[in-house]
Amino acid sequence: MAGSSYGTIFKITTWGESHGAGLGVVIDGCPAGLSLTEEDIQIYLNRRKPGQSRFATPRKEDDAVEILSGVFEGKTTGTPISLLVRNKNQKSADYSEIASYYRPGHADYGFDMKYGFRDYRGGGRSSGRETIGRVAAGAIAAKLLGELGIHFLTYTQSIGDISVDPSRFDPDEISKNTLYMPDANAADKAQEYLDQCLENKNSSGGTIECIVTGLPAGIGDPVFEKLDANLAKAMFSIGAVKGFEIGDGFAAAKATGLANNDAFSIDSNGQIVKKTNHSGGTLGGISDGSPLLMRVAVKPTPSIAAPQQTVNKSMEEIDISIKGRHDPIIAPRAVVVVEAMAALTIVDLLFTNMTARLDSVKEFYKPSRS
Amino acid sequence: MAGSSYGTIFKITTWGESHGAGLGVVIDGCPAGLSLTEEDIQIYLNRRKPGQSRFATPRKEDDAVEILSGVFEGKTTGTPISLLVRNKNQKSADYSEIASYYRPGHADYGFDMKYGFRDYRGGGRSSGRETIGRVAAGAIAAKLLGELGIHFLTYTQSIGDISVDPSRFDPDEISKNTLYMPDANAADKAQEYLDQCLENKNSSGGTIECIVTGLPAGIGDPVFEKLDANLAKAMFSIGAVKGFEIGDGFAAAKATGLANNDAFSIDSNGQIVKKTNHSGGTLGGISDGSPLLMRVAVKPTPSIAAPQQTVNKSMEEIDISIKGRHDPIIAPRAVVVVEAMAALTIVDLLFTNMTARLDSVKEFYKPSRS
Amino acid sequence: MAGSSYGTIFKITTWGESHGAGLGVVIDGCPAGLSLTEEDIQIYLNRRKPGQSRFATPRKEDDAVEILSGVFEGKTTGTPISLLVRNKNQKSADYSEIASYYRPGHADYGFDMKYGFRDYRGGGRSSGRETIGRVAAGAIAAKLLGELGIHFLTYTQSIGDISVDPSRFDPDEISKNTLYMPDANAADKAQEYLDQCLENKNSSGGTIECIVTGLPAGIGDPVFEKLDANLAKAMFSIGAVKGFEIGDGFAAAKATGLANNDAFSIDSNGQIVKKTNHSGGTLGGISDGSPLLMRVAVKPTPSIAAPQQTVNKSMEEIDISIKGRHDPIIAPRAVVVVEAMAALTIVDLLFTNMTARLDSVKEFYKPSRS
Amino acid sequence: MAGSSYGTIFKITTWGESHGAGLGVVIDGCPAGLSLTEEDIQIYLNRRKPGQSRFATPRKEDDAVEILSGVFEGKTTGTPISLLVRNKNQKSADYSEIASYYRPGHADYGFDMKYGFRDYRGGGRSSGRETIGRVAAGAIAAKLLGELGIHFLTYTQSIGDISVDPSRFDPDEISKNTLYMPDANAADKAQEYLDQCLENKNSSGGTIECIVTGLPAGIGDPVFEKLDANLAKAMFSIGAVKGFEIGDGFAAAKATGLANNDAFSIDSNGQIVKKTNHSGGTLGGISDGSPLLMRVAVKPTPSIAAPQQTVNKSMEEIDISIKGRHDPIIAPRAVVVVEAMAALTIVDLLFTNMTARLDSVKEFYKPSRS
């Protein structure tokens, strides 16, 4: 099926393999009139770029984005925005060995069963580089949401057993450490743990949290197009994600109703607010005016140097050891991908939710408009 | 937006409120030639029917399904199948009080913000009765999958702190206790706990597991239409779900790569298999031939008899206590809903995944066919 | 494929066969707050009901519509509206002969090739009765558009060689004759011609025109989702349609640019207008502020009493003569179907076109709204 | 809305403006295993390239296509195919005047009403160059259909009043004259007429026919997703199209049932065939095994050198005369666009129609496959 598109009204289509000519995305449905430069997108892309820390892959990448269409005199025109990032230093020869067997924890086997063969170079379409397209599109979605007063805070919440200490939580710290943790102390401990993983030819999982503020109440649809259902799909569309929670998540399954319900009250501005936020900002699939709070579990990097057992295409059991230098953890590099997917999801829901009330539609199309 | 449809090729549209004339679903895209009777659907619907246990709501419901179209001489015709369940004993008067305030843990506030008003009777479209449509459609999807050798095992995995003991796991037990737990001992303890919840005018959360066997490798698409991404959305489209995991889920975030990777090997039939199933049957969004294993967190019933604080439509803070008898737990009644959504998702993915290879398409449309 | 749904945001799904339990439609995505009664829909449905003239089939039908969901206290709630029309006097026995052969001009052969078999009673899903669902939904779309100042004028433009005389065009005449022609004189001649067709055991084709006023300029999208492209699909989704034109249509293919271009000018209200309307209200797929003008060619009724040659399922060539009394013309009964499909198409385009400009989106979601 | 995507399973997204960095398309959902080179696409693109005749615009264009992704070792991989054509010699200065007023017959006014402003250079997204993306994608669709035995014959049927003479119809002639007419004599006359149009600073409309052979019976869905409904949308998505017919088209509206019905018979191979093809290969929206025959009306080039009246953005009525050299006719260059859109439509319908029968699905997924 056509699985590389996302969204209904604000729709993106990503393309590109790790070792092809390049990667990119077409954003169709961005409103006219948004100021947009390549710099706006590059800043976002750089957050997923390796090379900033010893824990990211040392392969030199220079993912310079080019806007090919949809922007005129510095503003979006309402027509499709095509973004291109050319691949560089593609050493396909390095991957010839991988062609012959199925790496544990990777999609190699599924690809061969599905398509009959695969572009085995660097993971092809299942490479982490595939996220370039969605992150570039996410930069535009996030900028657009900023114009509507909706903002994101996304960070690594835990690495292995090391979690952010709520009492030390400091948003300013996120961009100061290479692990994107909002707690310098936890980041230090996590780095030690990751050093040890690397030494053991091993890798670690982690979790990511994303907080969205400014989303009005009433967004999301009651049945299949719930706000949280769309976010769940968005997050599970990221390669290594194995779990998703909104609000209290799995803890709610152990809680009682009295503990889990959030009381409504009136704040000092006379606005309805919830006194707690166990719901994570959504009730019955519709935003409730509180900040959205979601959490994602990311599995450990499957490419590890330690010896592993697998099967080759000649149907022989073999022992392998993945060569090349790989990140000992995926989570920190996926932080910006989580944010991008959240932004893409929320823009599209805001756009598909504008017709909920007849009076709003009548106001929108009132004769004086044209 | 139009949020009551689900699926691309095997597409369903549900409709109906708790206290309207009835509820139903239209299934569009079911292949011609499937034997189908109202009994096939009724059996499935009965699994969500209350009244079987003291823990389910005592309201007498008689959800008899009628097939209105799409079946001719006992077989589906390929045209839309319309199913209708009439509502009975609708006592709207009971709900007049609810109209004036926002119940904690419910979608009331979101509905009013979204639509300007709501059908407040029995939760309207956010009622648990909304699931009648999807469960009825799920019965058809599950029957169709059975023809392809794909089967489901779905059960309550935990209630509050009480979990199924793996050493006592017995699938035959699931239908023997009213909590749908595959462990008689755990079911007994859970019933005691729920009795206590009721006495305390409180409620409990729980988790559900679903295991799918027989799914071939190669199903799901690499990027946005991943198998697990679609399942995540499916599960989060169920009202009270707050968390979703596939395979090891959040435990993978604490694991190492060496522990989390599943080695490939050759089984005694000469087939490629995985020696473990930490992945839960999907790698890179594509089925890997192992059983699918997913887990869902269900929050406690928000309607509780204990006093709570909230706000009414006159913008006053008030104290309320929800009247009527409500289930002290949602999870067991949601077991069949989880299975229905899994079945609907998998049928649609099988259908949209038939064009992955040119040689398969050529074989399908080879001249001799017509 | 799931071919019984139409629309993206204002989405309908029709179901039902000619001789099943009934027919209906689910409208998902209708905004909350529209006043709606069964009478609103019945009036529209009655325009397709036979029995009003000797040229329509004498079978007694009583297509009373029931609203099953989505309306509360006289207003739409924003949730799916389910409409049901029960079938009456279903004499399936009449159709047993049809089961064995392929009627010329009908979809029987295609159905068997596609599905392997068919519900042969009364044309099954290909019956003219299928339009009940879309006409019922169209009634709601048209009512909604009326609230936005958008109105329709739809009529039979020609029957065989007899066309409406522009100099005698009188909109009030449309509902006065059973052929829905806006020219009493043409209607009289057409009736004579149809009498003659019936006598000859034959039937006639015709054309329908639809004029839409009040549509603002700027609706429709530049590439694949053009206004006229969507209308073309809408019209060709009606069973017997074989041609579609917008504006001058095929005459434009013989014209010169100078004759075909419409000059822009300023009207007495200071508004931009076109001095002519060869374009039919759309340029480059986007509405240009002039009335939309479209024209549809409807083929003759294929069920005729005259002897015809065909093939039966035993692969024998046979001579048949279709029994029962059939309309000698389809076009007049399709007038309301054309209007319904135009209304459904335009509502959905208005809804999907609300995000063309960032400033409009910002105005819509400005903080004061919530 | 996101209007630049087309298709459900075989889905394309086009992007690019006349005077931006380039134009292109992403094809998502092409099966793995199709041999594909840039040459395959270039041949198709060259059919829309001007410069081959004195009637096409003399601007030198060199639309060399680059495959950026989705092809590995000469075969499609099943992942998105991204195609890029860079724009050359973009003289935006030429278009500064156009920025200030609305050209008659163009989408300028609609664009401004819709988006608030427009990329006025060379028509921006409404330029004929937009078709580069769809023609490139169409080349792939057509190649894929060739593998299934489905072939196209597309040509200019008439220019102004000059039509192809059926008795002189010669398919080999199509590529021999620059007007793509299958009748050398008609082509000569048409060239004289177009010379005269140019001399008069005027332009001409024309019609295009497309014949599709090899399509099996049973393709297309009964209600909204009819084969002809999809083709109608496809054709009307081409900029200058004002009319569409299938089979006898508007002539059917003047015909009788007896004349219009096609009798079924058995051919010498024992296959069911129709003795005539008034239906144009589709009955009730489903292919009937006969060749598909469709016809499209293309309006005259709106950019003409003759003086015209219009309005500028200062709301003044002005007289203009479009500068630059423009084709005196659009139809011949649109021939390949018609073929591309037909191919894209048919591929997607073949793909979405594979689940019509349960037995076919069971055969496809029979255990031996994996």
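Order of writing sets the labels: A, B, C and D. Residues in every chain begin at 1.
Assume contacts are C-beta pairs under 8 Å (C-beta built on N, C-alpha and C of every residue); 3 or more make two chains touch, one makes a residue touch a chain.
What you see is a predicted model, and the numbers here were worked out from it, not measured in a lab.
A.B. asks: Hey, which chain ends up farthest from chain A, C-alpha centres compared?
C.D. replies: C
A.B. asks: Sort out for me whether C-D or A-C is joined by the greater number of C-beta contact pairs.
C.D. replies: Counting C-beta pairs in contact for A-C and C-D gives the edge to C-D.
A.B. asks: Roughly how far is chain B from chain C, going centre to centre by Cα mean, in whole Å?
C.D. replies: So the centre of chain B lies 38 Å away from the centre of chain C.
A.B. asks: Just give me the whole-number Å value for how far the CA centre of chain C lies from that of chain D.
C.D. replies: That pair's centroid distance is 26 Å.
A.B. asks: Whole-Å distance, chain A centre to chain C centre, using C-alpha means?
C.D. replies: Measuring from centre to centre gives 44 Å for this pair.
A.B. asks: In chain C, what residues contact two or more other chains?
C.D. replies: 1-5, 8-10, 14, 29, 32-33, 78-79, 113-116, 125, 216-218, 222, 289, 352, 355-357, 359, 370
A.B. asks: Would you mind writing out the residues of chain B in touch with chain C in their complex?
C.D. replies: It comes out as residues 1-5, 7-11, 13-17, 20-24, 26, 28-29, 32-33, 66-70, 72, 75, 77-82, 84, 113-119, 124-125, 370.
A.B. asks: Would you pull the chain C residues touching chain A in the complex into a rising list?
C.D. replies: Going by the criterion above, the answer is residues 8-10, 29, 31-34, 76, 78-79, 144, 147-149, 216-218, 222, 289, 350-352, 354-362, 364-365, 367, 369-370.
A.B. asks: Which part of chain B faces chain A closely enough to touch in the complex?
C.D. replies: Where chain B meets chain A, its residues are 1-6, 8, 14, 102, 104-107, 109-111, 113-116, 125-126, 130, 158, 160-161, 197, 200, 202-207, 216-226, 228-237, 239, 241-250, 252-266, 270, 272, 275, 279-280, 282-289, 297-304, 306, 308-311, 315-317, 331, 349, 352-353, 355-357, 359.
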